[in-house]
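Just below sit the structures, each encoded as structure tokens.
You will see two complexes here that share chain A, one where it goes with chain B and one where it goes with chain C.
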Partner chain A sequence: MAMTATAQPQPNAVLDTILRAVGWIGLASIAVAVSLSDFLASVPADTANAGPLLAPPSEMFRLGTDILGRDMLSETLHGLSATVRAALPAMLVALIAGALFGFVAARLPRVLAFSLRGVIGILSAVPSLLLAILMIGLTSRGWSGLAAGLAAAPLAFVRAFERAEAQERTSHSEYARAAGISAMTLLRRDLVYEFTQTILSGAARSLAAVTIILSTVSFLGFAAEPPHRDLGLMIAAAKGYFLDAWWTAAFPALALTLLILFARLAAGLGEGERA
Partner chain B sequence: MLHFALREAARLALGLLGALLLAAALAALGAPHAGRGFMPFMIGWGSVLGSLAQADLGRSAMSGGSVWHELGAHLPLTLGLVGEGFLIALIVGIPIGFLFGAGPARRAASPLVQVISAAPIFVAALALAYLAFHLLHWPVPVGAGEKSGLQLVPHTMAELQAALLPVLAIGLAGAAAAQLALRRGAADTLRQPWRVQLRRMGLTSWDVERAYVVPAVLAALLASLGEVVLALLSAAAVTEWVFRYAGAADLFVKSVALRDWSIAAAILFVFASLTMTAHFVGVCLARLLADPGAPASWR
Partner chain C sequence: MSDERKPILELRELSVTRGGVVELDKLSCKLDRGETLIVLGDDRSGKDALLRLLGGFAERTDAIGGTIKLGAGEEQAASRKMRSPIRIVYLPGTERPPLNPHASTASQLARVVARRHEAPRESGREELRLALERLPGTPPFDALDRKPGVSSAVVLTWGLLAAALAQSPDLLIADHAFAGLTPAENKAVVAALQAEQKRIGFALLYAARGLQTAAHIRGRVIVLRHGRVIEEGDFDKLAGGQSHAYTRTLFKALAKPGDALPARTMRGEPLLQVHGLDFRPPGDKGPKPRDGLTFELRRGAALALIGEEGSGRRTLMRALLGLEPFTSGRVVLDQVDMSILSAAMTARLRRRIAFITGQDDALDPRMSLWDTVDEPLRAHLGLSRDMVAGHRDTALKRVGLASYDGATVVATLSRFDKRRLQVARAIVSAPFLAVIDEPLRGLDAFAQSIMKELLDDLRKQEGPAFLIVTADVGVAQALAEDAMFFKDGKVVERGALREILKNPRDEETRHLIEAALGEILL
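Moving on, here comes the complex of A and B:
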């Protein structure tokens, strides 16, 4: 009886699996929408006077038009595409500079490892948004993807560092060291396990983190520039008149929230857990 | 406990020193000829460190005034917003963390909390502004226009309306971090063997919850104080921009845009110090709360 009970998956585990599946299906749908955005959108990006100014959603303009008469459906698709295209390289940067570097850093000689951990700890005490803004200010808007990835990296570094430290204390590591297996071989082995087990959830988590940073720096005017508007910049542009024309901000905001929500679900993040 | 507090204090001191060195390196970018190579930059860095030793933070390239003056003009607003947001975070986050910590309530609230967690702060702030404007008919200062100060202790209805939206937006961001810490703490206590052992010793379920579980869960919240403050500061940066308040976070954004590195460095240092100090205070209080063996003199 007890065997049967332990063999059955727990309700929470089933729910988690379903939520992760929903997240990945959602991300796949967004990937399809992004790759077909030029085909799905009725007009090219930033086409003014496609319809009347500030027209509410209707049969002709399903998501309405903005203050320059741009079709909101087309603009939201283009904006989503711009956001995802900027977030993907940033996600890679966060994965490499955060998760990979953090894991490797934990296995460096102790003084070096803890010095690095200390420096990154200082960076992780600064809001990642401000770090991203600072890095864009030190370089240029063209580097916003790199800046967002590097700004998201400290937290990923700290998490990976702590995981690597915990793995180093496990019995298999102690046996391996006692058996004369070199630290480099052990690191290679742990890295393979770490990345096969966490690469997908780590990538989804980084995607959520960098999307929040990138869209926020765009909203503040530090990243995307017209005509290549991303969702953050679209919402910033709607700030002056969204109280009277809700659709100008609501649909880009919905698209952005869905993208982050799907990435969070795919990463298996808990409610309220930081990406 | 004393050993723990001393170790944490040493870590805090090292962290603050590191933050100071990094901030000085950033401020050195504003020194003459700093961009002309490694040596001029190092000379600039040394010069900034020398000035810092005399409590001179330099001058703002934007206003020409001293950095101290700029911080004095903008920081109180941000600290006030963060402080009031912290109260909202506790008022909202603690009940949510306890109510939805586990069981069917958590599963029921899960989808809503997930959606709210996915909305970036600026989206949440604009949504709050929209609701306040249309449902409560409040004047909402999100359009274009001059930035203003904020009455953190409102005396009139108009001042209360102006203060409430940014404080709510910041507080909700902090509440998310607070409830997460509480739920983590609650989940940890569920796994502890002492729950069953205490019941076997004859304690009622209520006694176990009141005397052991609640302190352990609150200790988890205190241990995450640094994370909560970090969430509040991040939210303040966006909220000041959305609601057009001239706080320190807004000044940071402006200073980076205009390459005023002295101001940017000072604000970064203040924010990092606040987070690190909150973490230090939080972990020490958590240790006191959760460690019944701590000497009475420390309580």
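Moving on, here comes the complex of A and C:
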């Protein structure tokens, strides 16, 4: 017995769910570590001479010490805290100026909507890092969070705009318009059913993006400055001696890697996007 | 016993249980070589379980009982993997064709034919081409070289049928194979199938939800409900009278000559006036017609725009509603010229237009059941929460969806439920015009009967004018008094539908009526 059939491949939804769960659990663990960083760290941030200079990891100093004798475990916790605290408002900026504005812009009058789409589409072609540096250069270091959020916004805007635009072309939108349903009501649909349902993954995606931008601009010296060292600045500080004292760069880099990886897993990004 | 009368399929006490639910309950029946059996029932009737078993794709979770005898083989216990001395071929429908959307239809069907004949793919392609050419009125073979997603339902149907026939079946199992076709297409495909059945002599088991195809096939019918046969007999005999209440409801959906609505005695005020409209179908680069279309639809009246796919009826409907631009002419809705209104004012006027369509994606699949009904009330009238709930509950009760959880997402609803939800949304809109586009498409006969009643109730209670777009004269005569028949972007006949049905003047009109209502009338 035969049938004229070919099997359709099914996406591996189970693996996707597991990876998302791992991402959120990881982010939750980081949130706990950040909120308890002052308690978990043995010394306050930027405390020099807590131990010998450039001591390797040992029982006393689990992650070793840096060139000024600062405890790397405490410094990494404080650095992680500084990174996350800077990234959270930047993430909100990216969500509002990117995803939310993208959904709203798609429902604006056609000419205005596609003009905005065109301008922001061009901006999205510029690397986010360069945009952030440009904006910091035009303002000041104190605005680095806003700059990072705005720099990450174009891609989020384009993604949200495309989603809303795809909805605009559907039969149900066409029928709704033909029955006098206004653009505002259709926007409400997008916000209720698209934005709110994707807000968590959008937030995680934006968190990963702004963390990379903020850490990199700090590494380059455009954002955080002592004594408020974030992970990017810690890695930059280790540039001179990390070949001899690997732990001074490796542990801040590991913390940064985990933060970004968990955020990307939580966002449900595909393998290509995670790469 | 002659070879023709030899049984090809004998089922004895066949049962299929899945997840503790008895889908098929001790079904016994026999099908002879060259004979046709129509299995009629809704989605939970058990016919899908029967097809699954005979088609060879029963699942591990199916608990199967009873025996089956195929051709001259031994009687064997029914199971997922049965020995078959006969050639059983499964013919799927086009609603969800089991084809890869990324490869051409011809290459996929040729592979199936080649595999069946254990021949190279090129031979399979040649067999497929020959089978298609044997069928009268088929599209050229090149039409199958496109991907399934861009082919029309009728082209896909011809392709699937040709692939099935190219496999030289002893038993052809058709799974709602022609459900997505218009009556005229349906009639042509059934005629071709029956000619091949006569030539090859295969037995045909046709599973049907609706009666349209069954009315053309006109074989022996068994009516299944909850896995049991509740009635059986020759189609014509059953159409003449049914003993079971469920069968009676099913056959109420069957369009019959003489069912046309009488002309309205009351003439309301004009609601929709069309003057000299040039509504040529998309892509029509022909010369501009000398005169456009002029007609009017009065308040409370019902006008059916009837024609085959591509005849221009849907283009006209879209032009009337401003969904497609038109080059010349005027559309006056509720005494307001639509062309001079701003977009905001047009939207305001359109609030009292309701849509009920056969398209499954006409409702936002993300919305909940309650939100779908509430939206017009909230968006247009700004009613209080309590008043919205009151209107919504009344509407849902009228369409039979009141018992559903209000948070149920539209995407999870059945086709029939979505269709009823469209009616509920129309009810709360208090429309002056309801645009109804193939409202019964894809529904089973039971659901078709209910939908007709709901639309009738909508018209009686809310009193909107109906503008019906359909290829099925049977649907038109159930809902409209007046009709315009379309062909190639032109109106070929118009007037009171009842009169046209009695005396069609145009060949196209005659063809459409004959396809939907049979030859009794003519």
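To be clear about the criterion, the second predicted complex is superposed on the first by the 261 of 275 C-alpha atoms of A that agree within 3 Å, B and C clash if a C-alpha of one lies under 4 Å from a C-alpha of the other, contacts with A are read in each partner's own complex, and residues count from 1 in each chain.
One rule holds in what follows: a contact is a pair of C-beta atoms (placed from the backbone, for glycine too) under 8 Å apart; a residue touches a chain by one contact, two chains touch by 3 or more.
Since the structure is predicted, the reported quantities are computational estimates derived from the model, not experimental observations.
When chain A is checked against chain B and against chain C, the one touching more of its residues turns out to be B. Touch criterion met: A:216 reaches chain B, while chain C stays clear of it. Once the two complexes are laid over each other on the shared chain, residue contacts for A:178 go to chain C alone; chain B is not touched.
Look at A:195: by the touch rule set out above, it reaches neither chain B nor chain C.
In the superposition on chain A, A:24 contacts neither chain B nor chain C.
In the superposed pair of complexes, A:114 makes contact with neither chain B nor chain C. In the superposition on chain A, A:143 makes contact with neither chain B nor chain C. With the contact threshold set out at the top, not one residue of chain A is in contact with chain B in one structure and with chain C in the other. On the side of chain B, the complex with chain A involves touching residues 14-15, 18-19, 22, 26, 29, 100, 106-107, 109-110, 113-115, 117-123, 126-127, 129-130, 133-134, 140, 142-144, 176-177, 179-180, 183, 226-227, 230-231, 233-234, 237-238, 241-242, 249, 252-253, 256-257, 259, 264, 267-268, 271-272, 275-276, 279.
For chain A in complex with chain B, the residues that touch the partner chain are 15, 118-119, 121-123, 125-130, 133-134, 136-138, 208, 212, 215-216, 219-222, 232, 235, 239-243, 246, 249, 253, 256-258, 260-261, 264-265, 269-274.
Against chain A, the residues of chain C that register as touching in their complex are 54-57, 82, 84, 88-92, 98-100, 108-109, 112, 115-116, 160, 163-164, 167, 321-323, 347-355, 357, 359, 361-367, 375-376, 378-380, 429.
Of all residues in chain A, those touching chain C in their complex are 1-6, 8, 170-182, 185, 189, 193-194.
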